[in-house]
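Please find the structures below.
One chain, subunit A, links the two complexes that follow: it is found with subunit B in the first and with subunit C in the second.
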Partner chain A sequence: MKISIERGTLLKAVGQAQSVVERRNTIPILANVLMEAEGDSVSFRATDLDIEVVDKAPAQVERAGATTVSAVTLHEIVRKLPDGALVQLVDDGASGKLEVTAGRSHFTLATLPKEDFPVMASSEYQSNFSAPAPVLRRLFDKSKFAISTEETRYYLNGVYMHVAEAEEGRVLRCVATDGHRLARIDADLPDGAEDMPGVIVPRKTVGELRKLLDDDDMQIAVSVSETKIRFATPEITLTSKVIDGTFPDYSRVIPIGNTRQMEVDAQEFAKAVDRVATVSSERSRAVKLQLDEDRLVLSVNAPDSGAAEEELAVAYGDEKLEIGFNAKYLLEIASQVDRENAVFLFNSAGDPTLMREGTDQSAVYVVMPMRV
Partner chain B sequence: MPALCRDCLTRFETGRRCPACRSPRIVAHPELDSLSIAHMDCDAFYASVEKRDNPELRDKPVIIGGGKRGVVSTACYIARIKGVRSAMPMFQALKLCPEAVVLKGRMETYVEVSRQVRAMMEELTPSIEPLSLDEAFLDLTGTARLHGQPPAVMLARLTRRMKAELGITGSIGLSHNKFLAKVASDLDKPHGFAVIGRAETEAFLAPKPVRLIWGIGPAAQESLEAAGIRTFADLKRWEKDQLIARFGAMGDRLYHLARGEDRRRVTRDAPVKSISNETTFGEDTADPDILDGHIWRLAEKVSDRAKAKGQAGRVVTLKLKRANHRLLTRQSRLPDATQMADRIYRTARELFEIVGPEGPYRLLGVGISQLTGAEAADRAGDLLDPHALQRAQAERATDAIRERFGPDAIVKGRSLR
Partner chain C sequence: MKISIERGTLLKAVGQAQSVVERRNTIPILANVLMEAEGDSVSFRATDLDIEVVDKAPAQVERAGATTVSAVTLHEIVRKLPDGALVQLVDDGASGKLEVTAGRSHFTLATLPKEDFPVMASSEYQSNFSAPAPVLRRLFDKSKFAISTEETRYYLNGVYMHVAEAEEGRVLRCVATDGHRLARIDADLPDGAEDMPGVIVPRKTVGELRKLLDDDDMQIAVSVSETKIRFATPEITLTSKVIDGTFPDYSRVIPIGNTRQMEVDAQEFAKAVDRVATVSSERSRAVKLQLDEDRLVLSVNAPDSGAAEEELAVAYGDEKLEIGFNAKYLLEIASQVDRENAVFLFNSAGDPTLMREGTDQSAVYVVMPMRV
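What follows is the complex of A and B.
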């Protein structure tokens, strides 16, 4: 293999690869990226056996071929090369070395045979559709904060993507929860997605997917089977196993009878919560909300370190209410609101509270209160 | 070279015997007056206490431990000559030393003697870190002017007093950090005094096997050996980042220990990092009902201790030991800390479901770690488990009843399994 490739292009492809490989792993080849040069492009393939990313980048291919090399080391090298450099990668196929040359810099890297690289088995996808990047971005960005890290509830360690029945018809829906908060985000159902099986997309895949969605308005090809999901742009293909488990019936968790409504400027609210929470050093700080006639008092009382209180103007017309929440959870859901006011719907101090943006039903959040 | 007589505490410069009392029990070292980190380890502590209280036992091999499935907790030096070691299964110990006197142990007495030793150590320095009833680290840095004697003298006086007043002996390791002090206390046992100075640290360690490091068990030893590391000299050939890449967080510690460096301080009453309980079964079992009963009772014990201390943990650990002594531990991190028996039980139970079916087991343990104060614990309900709050309320009510009428006033049916 002998190729020349522009440094920026190479950095992007190798960057994607090195974030997929596991930092600490016992199988050496899993730390490597497989490079395959043919025609006028090179494909970079990396896997952790659960996720596989293939990035195809334009290059000048003098001699076709393939080899594997440490993704992290190659990334570090390319990152440190000057912008605009032309990088030459040469592997003679026999020495077990890859020569990397850019300007006056020269590197020799150990390679492992391409035959040993595990390529993810292809599978039959039941559903193939395409969705605009911004739509997928919204679905995952707004739900991922609620993904659980609890190992015993492995079926919550991802975002449940499925087709659901909403008031205005069938939608593409993403749900994530850790038992303390829940996010339910809907989008118009893309053509061809009707028969999509519901799948739990693992946390790491959601993180990797985000990098694919950076380009603004691109259409993303999505393929789904019972065991795998694939997202593809013309250059990059991300294939991932999905979590083998049953996502719990979340619909009974979302309160429908909450009538006590508070409307507040989400940003002002988030800032105030952040300020009062400062006095407590506990990991799970509790913020108390006292509501009375268009007035909200936020307070934190940490016996060891101090107390804080702040008053906010809100729209609230129901009877007095005192309710506590984990400050971090409140901040996270308040920061999901980007256009209108945050609308909170309470029941009692012990019942789940619902939050949405204005009257928009397509993004709904539920948060469990805390005893204060 | 500064030398000290361990019998009459006379200090002198040269000679193989004490110039004052002619005792051969001397300790001499160029750095004797400048080292101040010590490890004191009582010799065969439980057995020594038994022999002290019952002189008939003095010349007999004595083993403390017990139960049909028990292991040796302490063996006296006579039994050790026969090959008996602590943590050895009792049947094996009795095979090696059938004439041994086996005692069940009197924990209250040991605790009392340990308290007396502690009081003597308190007179030397406030900086004491007990590791168990019978060993502790002492930091005597800066005490020379207070006592008018260097640490070595005060330590020799300590073991002399222990022998005279309490009738037990201890061994001292004196060095410039905790790791080496602990290594040293083992060099001259029993009733010993060993010194490892700064100058000879690296030469002393180089040929020693890495299992000398506290925390390097058979498994870690195996992975070190796979990397070609058997001795400290092997270890020293590795770069720091190589060690970290290969062994993770332990790598950094290994790098420094290879050079005889240990920056841990002697900390008084080191904060508790976890609360756990375990039980070894009378007979190995794979019966899920029996195991479930054990998980519950252990979860309840852990919960009781956490509640008593006002602590809660974010991580729940389940520990299982197979019949072949292979240990299995699984952890789960909760979104918030807990001290409730119900949550500890349910989490441990789910971990058991994941690993469980492949019994039989001989030991089961349940624990919590990443401890925090109780104020922040168990205050949020669980969306997916709507009855969790009710169960928590029931548990608090149960606690209140037990508080008033005793621990057996109300128990879960599950605990009777």
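What follows is the complex of A and C.
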């Protein structure tokens, strides 16, 4: 292999690939990136055996070939090279070394045979569709905060993406929950997604996917099977196993009979929750909400350190209500609101509370109360 | 105590004080800040028993008084209050509570009796002088990187500030070393500093002092005794014990007979060192310098991961030399250079190397070589 590639192009491609590589590896080749040069491009492939990313970049290929080299070291070197440098990568296929040259800098990196690199088996995908980057971004950004970190409930360690029946018809839906709070985000069903099997996209995949979604004008090709999901742009292909489990029947958790409605400026609400939570000890961050005629009093009582109280003007016309929540959960939910007002729908102090943005049913959040 | 104070003013004063407070305290009152309101100002005093900071701020004092309250909690609350808010602090002296009110936010914080707060004993200072903030900033900023972190050599855990005899006459000098590298920075001797005893200013004090030195036009009042040092602006007074030990005779470490001179662009040099060090394992970050007629080759050889080499154009007219250094030490020293060129003076591969900026003798660095 012998190629020349512009430093910025190389940095972007290697950067995307190396972020998939786990920092602690017991299998040495998993720390490496597989470089394959052919035609007028080079591809960088990295994997942790669950996720595989392939990033293609234009390059001047003098001699086609392939090798593997430490992803982190290569990335660090390229990052430190001066902007605009032309980088030459040469591997003679026999020495077990990759030569990296740019200007007066010269590096020799140990390689591992390309044959040892575990390439993810290709799959048959049942469903192929295309979705605009901003649509996928919204689906995952607004739901991922609720992903569970409890390893024993592995089927909650991801975002459940599936086709669902909403009031307006069939939608593409993302749901995440950890048992304390839940997010349910809907988007128009893309053409070709009708028969998509429901899949649980792992937390790490959601994080890696995010890097593909920054460009508002980008169309993302999505392919789904029972065991795998693939997201692709013209340059990058991200393939991931999905979580092998059954996502619980979340619809039973979403309250439908909550009638006591409070409307509040989401930003003001979040700031007030944050302020009153300051006095509480780290462990039990319980905030009490007291509702009365167009008036909300938030309060925290921490025997050791003190107490806090704050009043907010809200729209509320129902009977008096006292209900407690974990401050962190309230903050996270309130920060999902893009528009001005958050609408909370309560039942009793012991029942789950629903939150949505105005009358919009396409983003719905549920949070469990706690005793205060 | 009953006072009103503007949120921004309060935030600045409490912020400065709370940074001295240690996060883990076995003595509860050391987590608190002592507030004392009188006349038209309020002062905030915090201590870790070695350093004390007092920050004075203008306030509308309705009822004079004093109390102590958790520094971190008060700071967090004030930080989260809206910009421009007027904050009222009320303590009735009997309830053991401080009431904090701003707009519709209301906090009650537990207090501890002001009598229990350990106020640092006042001292006689032998030497009092005034120095511009930029002068002190230079003295400490350029030397502090070399402070030792080895607790057994406690007398190296600070910057040795003293009066010294330089070629141009007597100077105010700061020296720090950890045995591997050394920094010696000189400044004009301020009026009144002639009889200053040499003191070792602890690392934490150097860090806290830095916050007083941002304003270029500020004059800092410095007072020094055998056991304490005090830095003061009109608002803030920082008093610190000095390290009770003898700073070693550093002058013996500074080579005077090094004649093999290399002049190099400091930025280019630092970048090249950083690049070649990429391939080396974290533990032995040894960089080899090979010098020949106006040419420097930097190289690293790491058996596991690979090798790196880079050539730099330098000014060097002496005989060939091969010498090794810890990459981190070289980087730190090179990054102290404000001007374009760093001048290195070598002797042999086993002797300490000297670095300075051009012909300027007021900032001199020494670094020990390592075998490569």
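Here, the second predicted complex is superposed on the first by the 368 of 372 C-alpha atoms of A that agree within 3 Å, B and C clash if a C-alpha of one lies under 4 Å from a C-alpha of the other, contacts with A are read in each partner's own complex, and residues count from 1 in each chain.
FYI, contacts are C-beta pairs under 8 Å (C-beta built on N, C-alpha and C of every residue); 3 or more make two chains touch, one makes a residue touch a chain.
These figures come from a predicted structure and were not determined experimentally.
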item	value
Touching partner for A:N341 - first (subunit B), second (subunit C), both, neither	neither
First (subunit B), second (subunit C), both or neither touched by A:V253	first
Subunit B versus subunit C as contact partner of A:E311, first or second or both or neither	second
First (subunit B), second (subunit C), both or neither touched by A:Q16	neither
First, second, both or neither for A:N32, with subunit B first and subunit C second	neither
Contact set on subunit A toward subunit B in their complex	24, 148-153, 156, 177-182, 248, 253, 282-286, 303, 324, 326, 350, 352, 366, 368-372
For the subunit B and subunit A complex, residues of the former touching the latter	245, 248, 314, 330-337, 347, 350-351, 354, 372-373, 375-376, 379-385, 389
Interfacial residue positions of subunit C with respect to subunit A in the complex	70, 73, 76-77, 80-82, 97, 104-110, 271-272, 274-276, 278-279, 304-312
